[in-house]
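Multiple structures are listed underneath, in structure tokens.
Presented sequentially are two complexes of chain A, the first with chain B as partner and the second with chain C.
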Partner chain A sequence: MQSKRRARAVDILLILLIVLPLAGAMTLKVLTTPDAPLSEGVQISGAQIYFTIPMPIQDLPITAAQVNSWAVILSILGVCLYLTHGIKVIPDSKRQLAAEWIVDTVNRLVRSNMGEKFIGFAPFVAGILALSALSSLSSLLGLFAPTSDVNIILGWAILVFILITHYKLKGGLWAYIKGFFSPIPVFAPLNIIGEIATPISMSFRHYGNVMSGMVISTLIAFALRSLSQTVLGWLPGTLGKIPFLQVGLPAVLSLYFDIFSGCMQAFIFAMLTMMFIATAAPEDA
Partner chain B sequence: MQSLDIISVNFWQIIISLVNLLIIYRIMKKFLFKPVQKVMDTRQSQVDRIFSEADDSRDSANQMKREYEQKLAGARQEADTMIKTAAQTAQLRGDQIVAEAKEQAAHARQKAEREIAQQKQQMLQDVRSEISELAVDIASKVVEREINQKDYDGFVDEFIQNVGDPS
Partner chain C sequence: MIELAIGIILGCCAIGAGIALIAGIGPGIGEGQAVAKACEAVGRQPESKSQVTSTLILGCALAETTGLYGLIIGILLIFVAPGSFVGILKEAMTSWGAGL
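After this line comes the complex of A and B, so read on.
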């Protein structure tokens, strides 16, 4: 009885750990967003800067993207702890089944795409999937999606690039260098560009998708608001100020840009990571 | 409140994001994959053990069954042989008894026949001596003289022999 009550208390704490970071990020955004007057027109910009820390090479601005990604990380930590809390050999809770389903699915995905020897990458792939998808989906809460900041994705892509290079170097430094001069030495510049293009294309694909979705949503919302004001502006009092036409279409667009595109890009990023790393590794290693 | 430009690259932000991904990897590994994998492995080993135990007990049960069947077959054979030997013994014994009985019967008959023959002989003897005496008496009466008994015996005997011989 005592242990049951304690387990329940821990559960509540873990749910708070899932919810609170996101709620905090939302609060921070609400408190710091200035009221944009309608007359100024639409403005599309990157993440808000909360404050700036002076650093040696470049000043570090702490932006909404950073804060939101930390909030997402804390939430994921909470989800992991919640799912594995009270885990038993013979499962008796739905959340354990969910946790096992997640682990099993990712394991199978990694096994089928990379092979058995790369099974250690399963948590990494799961991390990419969770972080990317949940970051994109955080825009549903009205947050600035961290994945629409190029710095965030570029950081992930560079980490993936480091892993790719690490596995290529496992085949020997000489083989790695020789790889740039194949099939004939003239291709060397192209090969080098192609190598560097990998992280850039990966990051820009993901970032560009989420960002463009946000831009289009903002533009359409603004256009609908203007249209609503023009068409229904004659209505008396505050009734004329309510943008009725904004109901409907943005929700459908959000379904595509926020949910579908976000999950899709997370999956693509994870798949590309697996493919690149698996092909980079020498066959016999 | 200031905002970033829509595309702005910042070295430290990239580093922080890179580290973030490493952190989420650690979180996933430590708090999701490791405990779940451990539990699944434990369950797998338990299931394997249960299966192997079931296999073992099935094997031993089968072996016991085979043994019992063998024993049963042996017992049946033994019973068969026992019955057969018993029947044989009984047959032998019965035959023996019958043979003995027959022998005894034959014996008894022989004895009886011998006794009968003896008595008959005896009786014939008696009758013969009686007759000879009678004949002597009659003859002595008839001739009224003393016949020498001794001379006469031979004659009478011869006579009776011829008379009593049924052939």
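After this line comes the complex of A and C, so read on.
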């Protein structure tokens, strides 16, 4: 009885750990949003800067993207702890089955894409997949999606690039340098550009998709507001000021731009990570 | 005079954004061909539909990349470039001592 009660208390704490970071990020956004006049033109801006930390070379701005990214990380930590709390050898709870399903799916994905010897990469791939997908989905809560800021994605892509280079260097430094001069030395500049283009293309693909979705939804919401002002503006009093035409269409667009596109890009980022690392490793290592 | 200069900057940014979006042609053609081939494949082997679909979506998303480069350039030209160009222009005007 005592242990059951303690387990329930831990559960409640972990659920709070899942919910509180996101709620905190939302509160911070609500508190710091400047009162923009509604009637003025469409405004699309990058991540809002909450405060700056003075640094020797350049001030470090703490933006909404960074804060939301950390909130998502804490929430994922909470989900992981909640799902794996009180696991047994013979599963008797639904959440342990869910956790086992997640681990099993990612293991199968990594095994089929990278081969058996890279199975240690499964947690890394699962981490990238969860972080990227939930970052994109956090825009459903009204937060600034961390994935629509190029700095966040570029950080992940540089991490992947370091891993790729690490596995290429496992074949020996000489082989790594010689790889740039193949098939003939004339190709060296092209090969170097191609090497640098990997993280840039990975980050721009993800960020461009999410951000273009955000821009298009904002533009369409603004256009619908203007349209309903011209069409329904004759209605008396405050009734004429309510943008009735904004109901409906943005929700359908959000289904594609926020949910499908975000999850798709997360999957593609994880797939490319797996493929690049698997092809970078030397055959016999 | 400076009004004319700012007008030229804004107009050229808009034209540049339009030209950058020509990059959308390539992915359009490519994804169309990919979908056509996927339809053929599903028609030939309906039992492999799920595999074909997942491969197709992955390939389409990869083919989209070049179009997205153009889109990012276009968005930068519309939302970011005019402000910074006008700022550079004004700075240059004041440093030359030309009366605005």
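Operating definition for what follows: the second predicted complex is superposed on the first by the 282 of 285 C-alpha atoms of A that agree within 3 Å, B and C clash if a C-alpha of one lies under 4 Å from a C-alpha of the other, contacts with A are read in each partner's own complex, and residues count from 1 in each chain.
Definition applied: a residue touches a chain if its C-beta (ideal position, glycine included) is under 8 Å from a C-beta of that chain, and two chains touch if they have at least 3 such contacts.
Just so we're clear, the structure is a prediction, and the values are computed from it rather than from any experiment.
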| item | value |
| --- | --- |
| Chain B versus chain C as contact partner of A:S201, first or second or both or neither | second |
| Partner chain(s) touched by A:A280 [first = chain B, second = chain C, both, neither] | neither |
| Contacts of A:N209 with chain B and chain C, given as first, second, both or neither | second |
| First, second, both or neither for A:M264, with chain B first and chain C second | second |
| First (chain B), second (chain C), both or neither touched by A:I44 | both |
| Which partner, chain B or chain C, touches more chain A residues | B |
| First (chain B), second (chain C), both or neither touched by A:L137 | neither |
| Chain B and chain C contact sites that coincide on chain A, given as residue numbers | 44, 211 |
| Contact footprint of chain A on chain C as seen in their complex | 57-58, 61-62, 64-65, 68-69, 71-72, 75, 79 |
| Chain A-facing residues of chain B, complex | 1-25, 27-29, 31-33, 35-37, 39-40, 42-43, 46 |
| Chain B-facing residues of chain A, complex | 32-34, 44-49, 55, 57-58, 60-61, 63, 65-66, 69-70, 73, 76-77, 80-81, 83-84, 87-90, 96, 99-100, 102-104, 122-124, 126-128, 130-131, 149-156, 158-159, 211 |
| Chain C-facing residues of chain A, complex | 44, 201, 204-205, 207-209, 211-212, 215, 264-265, 267-268, 271 |
